[in-house]
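Multiple structures follow.
After this come two complexes, each holding chain A, first together with chain B and then together with chain C.
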Partner chain A sequence: MESVEGAARTLPSIGRLSRGPPFGRAQGRFGLSPSGRLLPPAPRSQENVDPQQTAFLLRKQWTLYSVTPLYRFSGARLRDYGRLLGAFIAAEKQKGLAVEVGVELDIKVAVSSLPDLRGSDQDQAAVLVQLSSRSSASRKNSEEKLLWSGWFCCVSGDDLSERVPEDFTCLPLFLANGAESYTSIVGSWFQKTFDCCFRRLAISPLNLSWMAAMWTGCKVDKTASALELVFSVPSLPQPLDILYAIHPEDAKDLWDTVQKTPGEITQEEVDVFMDCLYSHFHRHFKIRLSATKLVKVSTAIASAHCDGFIKFLQSQYLTGVLMLLTELAISQIQ
Partner chain B sequence: MDETVAEYIRRTVLKIPRDEIKTMLQKWGFLSEMQLQTVNFHQLKENISQDVVQLCEENSADIKQAAVLDIIYNHIYPNKRMWSVYQMNKTGEEIEFFDFTDFKKKFKRRLRSALKNVTINFREYEDNAIWIRIAWGTPYTKPNQYKTSYVVYHSQTPYVFLSASVLRSNLPLLCQALVVASNYHDIREVELRSHSLNSLKDIVFKRYSQNFQTYCPRPLSERKVAPESADVRIIQENRNEKERIQRVNREVFGDGPQPKLEFAQYKLETMFKSDPKMDVMYKKEPFRCLVKFSSPHLLESLKSLAPVGMADAPLSPLLTCIPHKARNYFKIREKKGFFPESFVSP
Partner chain C sequence: SEKMQRRQSSKTPKQPLQGHHENQTDLSAWRKGGRIDPGKSVQNIQSPNDQKNDSKQDSLEQALSYFAKVQDRVSLKNNSVLQKHLTTVESIALQRGLPPEGFDVLLNVALSGKLADTVNTRLLKSLVPASVIPETSVISSVSWLCVSKCSGNIQLLFLRWLITVFDFIDRKEQLHALYGFFFSFLQDEKMCPYVCHLLYLLTRKESVKPFRIRRLLDLQAKMGMQSHLQALLSLYKLFCPELVTITLPGKMKTYFKSSEGPWKAAINTVRRRNQENSLVSQPLFLGTAQPQSRKRKWNTQLIIPASSTNKNNLEENREKNHVDLYSTSESFPVEQLQTFPQLLQNIHCLEFPSQMGSVLTNPLLLHYMNCIKDESVYLRLYYWMGQTLQEECTWCVADNNQYEEEFKDFLETVYKTECFLQEGFSSCEEFLYKSLPLWDGFCCRSQILKLVSWIPLSSSSEMKSHLYDPLAQLFFTSSLYFKCSVLETLKELLQNWLNWHMIHLDSEFESEVYSLNTTLSGLVNVVAELIHFVGWISTVALRLENNATFLLYFILDFYETVCDMYLRYNLPLLIMPPAGVFYPALLSMDSVSLNQLCYIMYRYRTNLVAAKENELSKKKTLQFKFSSQIYQEYNQYIIAMVGCLWTSRAFQKDIHPQGLRMDDELLKKTAVQEFRTSFNIVYHPAMMGYAVLFLQQAWPDDTTFDLSLIKRDKAMSNWYLEYLYAQGLKGLKVFIESSINRVSQAS
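This part shows the complex of A and B:
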């Protein structure tokens, strides 16, 4: 596969941002800690995303992958891809790579588009792949059971899509829910067909702290759930896990006093926010949380785990979280 | 033999690790030694349990005998259950002679007066521990042998260890029966829970090694902080600090093995105070948070934090007081008045 040409990186123009979802685009180079992220004032809710259409994405745990650009992929050929993938899976089963031992399953493949899940018109619309089963025993009156879902998306991925040759489609973020064996088969087919590469996307403690800070500041309609941080110290003779849950109102109040620059979040503000939480903890327990590993962050908006798992909890902030994750995926690809 | 009893015995035997089955059946004593000889204890467990059920059939086992086997299993493997600690109180200092028969009679009578469908079994062990197994039913259904509560009562102490089942509604009745049977006045739950029954006993009966100053400490020179390297040119920086941390840790945690707890939970309602350098103004109300520490062996884990530099030494009293205070659930509020920096746990 030809490598992506590195062209000069341009900062996103302000005009495009004002349309964007509430979580800002990173300023500065990818891969390093962003010096700041810009935010428009109000959350974009129903205009971008139909909550009904995306309700099935909420409250499920998704495993995250980064995907390199797809070669000669066409959004108009999704039906064909569904057929081809179905044939591939059937062939794999024949070969004896059974996905489910001892059960006779007909696997039905559906590939569709999720047009609302994107940041701007430059982004490719999200592509959803679903595997359902129909028990071959009773073909007539059997129910279809959803076995596995995976979707590719790109939210505000212009920094990548601008620098990629014509034949390539950028859908750098992939999310999967269901048995690992299915993920493996579907991934293999895409890798073979579009000459791309999937890699598990880990989330660093630095990025988790960003998520904690940003999501704490979001307004939620219903009663918010607590800001939960989970720290792990695995290297001790007896491993230790620490759950630190802060009342959502108190967390938001603290963030509001820290976050001073209007329309923008800076690294410094995130650091101060986290240091405040660490020092409150240290005052009580004399333990330095900054020396431990932050492994999971959970708020009313979403919950994210460092091994690359995400759960979306609010449809109005779905694209915002996806934008953050797209950014992480792109920085892993570079 | 009732088929529910047969099934219950079969399932109980299946829980036991294969190498232990024969010993446990011998402890049970319901099957004769001759009968046990006829069983091949090297075959698959499924087959062993079938053979055992067959023999129990010959002896016409009933549910009470099956329950005894269950008690024996739980006595040897108590860590499969979660245990809570309760303490009973009585006014007056009368030291009464503990009459086991009287205790059993009163306990059964109190329980059965409220709920006819219960299976109750007692077993006394050498360390004055009385194990009580209760299977709960409802006014209309027979006792569910798979939903049991266990009580371990050390008759010479006011402490009761309880592994209640899912049916929390039966808890008040159970507590009442205990109080009445043991001639106490009331009972309250101590905020201490763990899977390790022995560790709970260690904490509550103060059987772990505490940091008594009367213990003669070995002089520091005998205790090496780290293995000395053969090369004399390599010196240890911060040796004094390392030694200080070790010493303080020993003072605070004691020398012996720590009781085994899996978690400690703190509900914090204290004021938020940041480092003055950080220039963060915050409100006058408490900063509400919940902190939970989890580990396969929490106290050992906490003890190892300071030596690796993740915590200060001495560690906070909120953590080190866990065995002394015999609790692992805390609510911490700001103490008003003279010492605004200190914490109180109610």
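This part shows the complex of A and C:
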């Protein structure tokens, strides 16, 4: 059954005369941004996402990675994976810190599922990996200290998941918080076990400006914080950063005048929005921000850094932000 | 040591100002006791900083040669020479670190006891490596330690130094051989903690011996529970649990006192400064979203994973076994796969390694991969290779340029795999399309071009914008050598495509992969596009390079494949070279090019004749027929060639619009007598040399050099032709034998 399907999928299109992936030739193949995007669905109704369950993901800085599809990963075996990963970590720790030979390492590994974090039914449920320590002092209290956490997710990643064979699981976005040495160990284990590849996911200034525009347009209940843009001036001996903060309501008013079709954003609208902000800045400070590099965007929704860091601030927009990040991750692995 | 550190910190703020813009020390330029190659300093445009560097290098060399020769106890107080050299060594060591050659000299003098302990201490504290420490210098210092010429304090300082710089020692085999010597130092109470630490670093499984364990236990009985002894014992226990039966306390915070001493800070400073300096020389990267390399973070080195069994699957199988009795046939672990017969015996139960990337270095698995048709295998390889290529690309990712050699090796491995499998990887193809527009045509040149030759056939719109356009830009702006390399590459690309076509034409799953109606015409179009592209760049290149013979050779070499596509590769396509290639070859001053052209025209003729015959006999229902245009083009060229080589009528008969046709009036102005009979196989500039030599051999006494003698009668002509054939002009031979007689009969 499997092989039949595989064969059907790999029939080469015209002139496709090599064996290779039966996909990846669609538009946007070389990382070009689409000219338009649909807005993230209005905040998903609370029936689906329980804010309590995802609260721990908020207000933490996550380092972004893209991950190629996992080979022979099974969502039903998460407990086993936790056990195997725990053994792997213990072995790795012993190799690195030979001084602590013979000491039982008290790192507990939990691999679990976050079923709410997905965009459609086709998406694989997100997978959470947590490492926690039980120091000998707190063992009696069975108190655990979270050392590191990381999660794989896929929000509306149909672009990728529809094209890979059954054996593969698409969780193209990985987010990690904690010491990089743990990221390294966990990442290596996943790479070895599921034959996948992790790569840091940088966010281009173009995509940052998309985020600035998209998030400006989102409604937030409480008194929202300012839209903050950080620019860095290139080719200077000393780094020089420019922080540009805009009152959220002013930014929203500007965006409302720019955006034409509700629910959809085009590249042109994003450009106009940013150009307006730039020309305003130029009028006051005589500095052309278009000649600098946008490195960070912070809004009430989330904040994102070009080196591939993100902080989620609103649980209702969590999936919306993840959808955009999933798209970026997919474009990096195709 | 505290005093020392204070001194360092007072120095630090001053020195970065001096050292900041200095170039990185060229370690290869150090010569022990000698001068630096003068050529080197002449080549460099000397900035004041360079000069300062050079003078520092000089003074360090002087200091080293002083310490190499120093005799007996010299007092520091009254000796300004010693003071000067000592200060030089100290300041350079703390600023830039010492070159490998320095350690031998300085360790020898410091441990030999020739100088006062204050001097020895200062020397030892200056032993900050700039790169590595040669093992030999450490070995000789251990022998000084054994003869105890130096004081106990110096011995201790040396041991602490050795522990701190352990990782900088270039090799450790001989050092391991001295394990017993170090072990014997354990009896010295003062040295014991440091020796334990050193042994801890040196210990391997084979170092653990019962007598050593006994000795350690004796020491412990004598000195009480010492953390350093416990450390060593626990390591022994780890290696040989059956030999060490005592129980050791479970957890120990620190086994060893920090022996970092004065060196650690200096080593870090030196390393940081060297890194800074190398950053200065790095090119600035354009573009806004320059991905940062993850180098020096996790996942660092470019490593092709080793073949290992997929444990994940094993586990799964074991679970299944409880239920499914049929799947009990065990799979053959890839680690055990060593020989081809093993592969054949286990081919039914072989499983691919957990990381597909490892097949690149495993020919047996490549064989296996070649014979199974599992798409997931290719998909796994596709993802791994695609990500690795993008991540490691030295010109697409900032900070990667220092890893060019590593990347070259990787590209080479990928290329070899493609050759082995006789097919290109699509991940490679996509990588090339993404990276060629950014390529400078220089970095990893030969590897990149090799990979280009394995680009799989794909629809033509992609080829133009992703391959031909960037390649043409580089081609026109690069050297003659680069142009030739590109032509060679494109010839290989064409051959790979044609071979692919041949194999799949024969193979049984033809209908499956290759539905004739669409893909054969698709293939013909793509191949035609490549040939037209090469024709175009060749025409331009010949003008740019003044018809260089070397270039012409590579162009004609390409057409040697093109002219035979119908017969050799069964492809219903023939394309003549453009006039911009044909005429420069026909009028070449070089007999090699002319001979090559003759051979090519002969093969065109053979192919066209065969096509015509097939068409006439209608043995096959032909979907493809050569247009009359190709015959017309061929005939035009053949008229020009026969005119040039035989009838001397090229100027009159050539009918090609870009050809040689000239009015008689114009020819008269050249003042060449008998211009109607003066351009043929005798007078052709590529042939004239042969004609003269022929005349000399035929009439050794004749001095008139009347070349017209050769063409006077048929016997003479034939003799001349035989002479030419004997000179190795085989192309000319087959051309004349096939085309000339026929034309002359017809006319």
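Methods note: the second predicted complex is superposed on the first by the 283 of 334 C-alpha atoms of A that agree within 3 Å, B and C clash if a C-alpha of one lies under 4 Å from a C-alpha of the other, contacts with A are read in each partner's own complex, and residues count from 1 in each chain.
We adopt the following convention: contacts are C-beta pairs under 8 Å (C-beta built on N, C-alpha and C of every residue); 3 or more make two chains touch, one makes a residue touch a chain.
On a predicted model such as this, the values are computed, not experimentally measured, just so you know.
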item: Chain B versus chain C as contact partner of A:244, first or second or both or neither; value: first
item: Partner chain in contact with A:261 - chain B first, chain C second, else both or neither; value: neither
item: Partner chain(s) touched by A:279 [first = chain B, second = chain C, both, neither]; value: first
item: Dominant toucher of chain A (residue count), chain B or chain C; value: C
item: Which of chain B and chain C A:53 touches, first, second, both or neither; value: neither
item: Partner chain(s) touched by A:288 [first = chain B, second = chain C, both, neither]; value: first
item: A:197 touches, of chain B and chain C: first, second, both or neither?; value: second
item: Chain A residues contacted in one complex by chain B, in the other by chain C; value: 235
item: Of chain C, residues touching chain A in the complex; value: 231, 234-235, 237-238, 248, 250-252, 254-255, 284, 288-289, 291-292, 294, 297-299, 305, 308, 310-313, 315-316, 354-356, 373-376, 378-380, 382-384, 386-388, 390-391, 423-427, 429-430, 433-434, 456-460, 497, 500, 504, 512-513, 518-519, 522-523, 526
item: Residue ranges of chain A in contact with chain B within the complex; value: 226, 233, 235-247, 250, 253-254, 257-258, 272, 275-276, 279-281, 283-288, 291-292
item: Chain B to chain A touching residues, read off their complex; value: 266, 268, 270, 272-275, 278, 280-283, 285, 287-298, 300-302, 304-305, 308-312, 314-316, 318-319, 332, 343
item: Sites on chain A touched by chain C in the complex; value: 3, 6-7, 9-22, 24, 29-31, 68-69, 71-72, 74, 77, 80, 84, 98-104, 136, 164-165, 167-168, 180-181, 183-184, 187-188, 191-200, 202-206, 235, 293, 306-307, 333
